[in-house]
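Two complexes follow with subunit A in common, the first pairing it with subunit B and the second with subunit C.
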Partner chain A sequence: MPFFAAGELVTVSIKAEPLFSIGPFTFTNSMVGALLASAVLLLVAWYFTRRSTLVPSRFQALLEFPIDWMTSIVRDSGGSRWRGFVTLILTFFLLILVANYLGLFPGVGTIGLVHHAETGDELVPFVRSAAADLNFTLGLAIVSFVTFIWWGIRVNGVGNYLKEFLGEPRYMAPLMAPIHVISELSRLISLSMRLFGNVFAGEVLLATMLALVPIAVPTVFIGLELIFGFVQALVFALLAMTYITLAIAEHAHHDEHESPHADLAASEGTGHTPPAAEAA
Partner chain B sequence: MTGNLAAGLAMGLGAIGPGIGLGIAVSKAMEALGRNPEASGAIFVPYVLGIALAEAVAIYALVVSLLLIFVK
Partner chain C sequence: MTPTDPDRDRGPGGGSSGPPPNWALALDLGLRLGISVIVGLGLGLLVDGWLHTSPIFTLVGVVLGVAAAMYTIWNVAQQAMRR
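Now for the complex of A and B:
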């Protein structure tokens, strides 16, 4: 099922192409992309935790910036239990960001083997942007789905969690329960489809532009994809955070979550010297 | 052929609503930023979530049109 743009061999197929298979396990090119992204993250983390200093070097500051920034967002709007899931949100953000940016490198999606099929020649690239495969995004969405259900059960208890499905006037339960189940499941679908649709549409856009005007013009769209890659990683992480926060805050502790900036204001307050201390 | 036509129609018509929604969201966010530039941090997260949810509708249209093109 190749998508043919104007030129020859500029193909983006909707599913990842298999490279080789070991027994029943088929290895696809998007798995290479996902493993490369993980390897890059692991190597950078391993290297810079060995030689990190208290006063960061310029490159270390660059690496610390997204972590600091994302952590501050989760701290400000993740409720009082933000420490419990901040690492997961950070992992989503960094993995999707690195995977999206790896997909924009030259050679990714363009270097590969040409398969001669009856329908015509077809390029099977060695590496494919990981999020341009529904399996990757659905996997991440399932992780976030399980996490927010687990947090909802852990904080509110199984009974309260199931009561939430039945709705408030109990006689409406036969109507409300399926609606709640569907709305929970639609989060799974919309999380995975949003990331997949954006990255896949980006790949098709780049391939089409490359086939139409091979010189200079695709650069503009690469810049656009740089923005989209960042925004989609941020959106996935923020939505996962919001779903977890909602699952935690659904029943109990409404007063605690109504002002998400209460703890921020408190931490700012300690920074300044209180007037009373000055007077003393 | 009709599949491609349907895909184009699905994507084009499906992009109208999210386009309007995104325009409203961005204009209101810019208005809020203009009134109160210090609130940019507080505006940012709900803003990104809002545009993501508005955009999801366009992504559904994209998925439907991709299905129409690729699944015969």
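Now for the complex of A and C:
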């Protein structure tokens, strides 16, 4: 198959295209995108830990800015336990941001191998924007989902978590349990679908513009994608943080009604520890 | 599991512990309403396909999906009012 790079061949498949297989493991072009984004972050982290100085250079200040900015958001909005999940939120933000911006680099999605299909020639790019693959976004959403459930259980204990999940009064449990399951699942799906939908739509828009007017016009849309890429990374990270904060706050609030220390709990906001935990 | 509390720290400067941003929740709400109904419908179809009871669980699933959507609105509104 010849190497090829051309606007008219660029199509964006909803499914990530397989590049090669190692045993039962198939390697897709979106995996290459995700690995490249991870490699970029690792390189930056390596530079940051080896070369950083107390008085930052301009380059160091540029690298520190998104980390400082996101950390301050989590610190101000994430409740008193923010230190426990700030690294996860930062990872979400930086990984999605870098993956989205990598998708805008020249050659990403436009350079690959020409595949001769029955419907005509199709370009299979070597690299595809990672978030334009539902597997990637669903993976991130599952990590976020497990984390906020884990925080709910960690703050309140398994028994109290299940008690709240089944609802009050107890005879309503057969109705409330499936409603809670659907409500929780909708969080997982909305997190993954929003990111995938926005990034995939951006890829389709760029491919369409590249095919219609290959010169100058796509630049405008690439500029827009720079904004969308940042906004989507921020929205995913903030929603993950909000879910974790609410999982902690919901249980804290639940305890306020049951605990004789309600005033103390209210004064501490989300930082309330159940009496059982304090005794332990 | 014993609940532990190692992370109760307001950080350097005693950073304020404000609420999560409302706009993120508002942005999420619209999508979650639709998805709740779709998840309910999907689960209903799945159970019906498994037990061959169509359309009983499909209808139950849709009703539960709509209820879950309403519950989501109620939950978000409650969180907002609590602040």
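The rule is short, and it goes like this: the second predicted complex is superposed on the first by the 244 of 280 C-alpha atoms of A that agree within 3 Å, B and C clash if a C-alpha of one lies under 4 Å from a C-alpha of the other, contacts with A are read in each partner's own complex, and residues count from 1 in each chain.
Definition applied: a residue touches a chain if its C-beta (ideal position, glycine included) is under 8 Å from a C-beta of that chain, and two chains touch if they have at least 3 such contacts.
The model shown is predicted, which means the values in this text are computed figures rather than measured ones.
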Contacts of A:I153 with subunit B and subunit C, given as first, second, both or neither: second
First, second, both or neither for A:V231, with subunit B first and subunit C second: first
Touching partner for A:A201 - first (subunit B), second (subunit C), both, neither: first
Partner chain in contact with A:T242 - subunit B first, subunit C second, else both or neither: both
Touched partner set for A:D76, first subunit B, second subunit C, both or neither: both
Touching partner for A:I22 - first (subunit B), second (subunit C), both, neither: neither
Which partner, subunit B or subunit C, touches more subunit A residues: C
Partner chain(s) touched by A:I182 [first = subunit B, second = subunit C, both, neither]: second
Which superposed partner A:I14 touches (first subunit B, second subunit C, both, neither): first
Which of subunit B and subunit C A:G84 touches, first, second, both or neither: second
Contact residues common to both interfaces of subunit A (with subunit B and with subunit C): 76-77, 190, 193-194, 235, 238-239, 242
Of all residues in subunit A, those that touch subunit C in their complex: 72, 75-84, 153-158, 175, 178-180, 182-183, 185-187, 189-190, 193-194, 235, 238-239, 241-242, 245-246, 249-250, 253, 269-271, 273-274, 276-277, 280
Residue ranges of subunit C in contact with subunit A within the complex: 1-11, 15-21, 24-25, 27-28, 31-32, 35-36, 39-40, 43, 64-65, 67-68, 71-72, 75, 79, 82
Partner subunit B, residues of subunit A touching it in the complex: 1, 3, 14, 73, 76-77, 190, 193-194, 197-198, 200-201, 231, 234-235, 238-239, 242, 261
Subunit A-touching residues of subunit B, taken from the complex the two chains share: 41-42, 44-45, 48-49, 52, 55-56, 59-60, 62-63, 66, 69-70
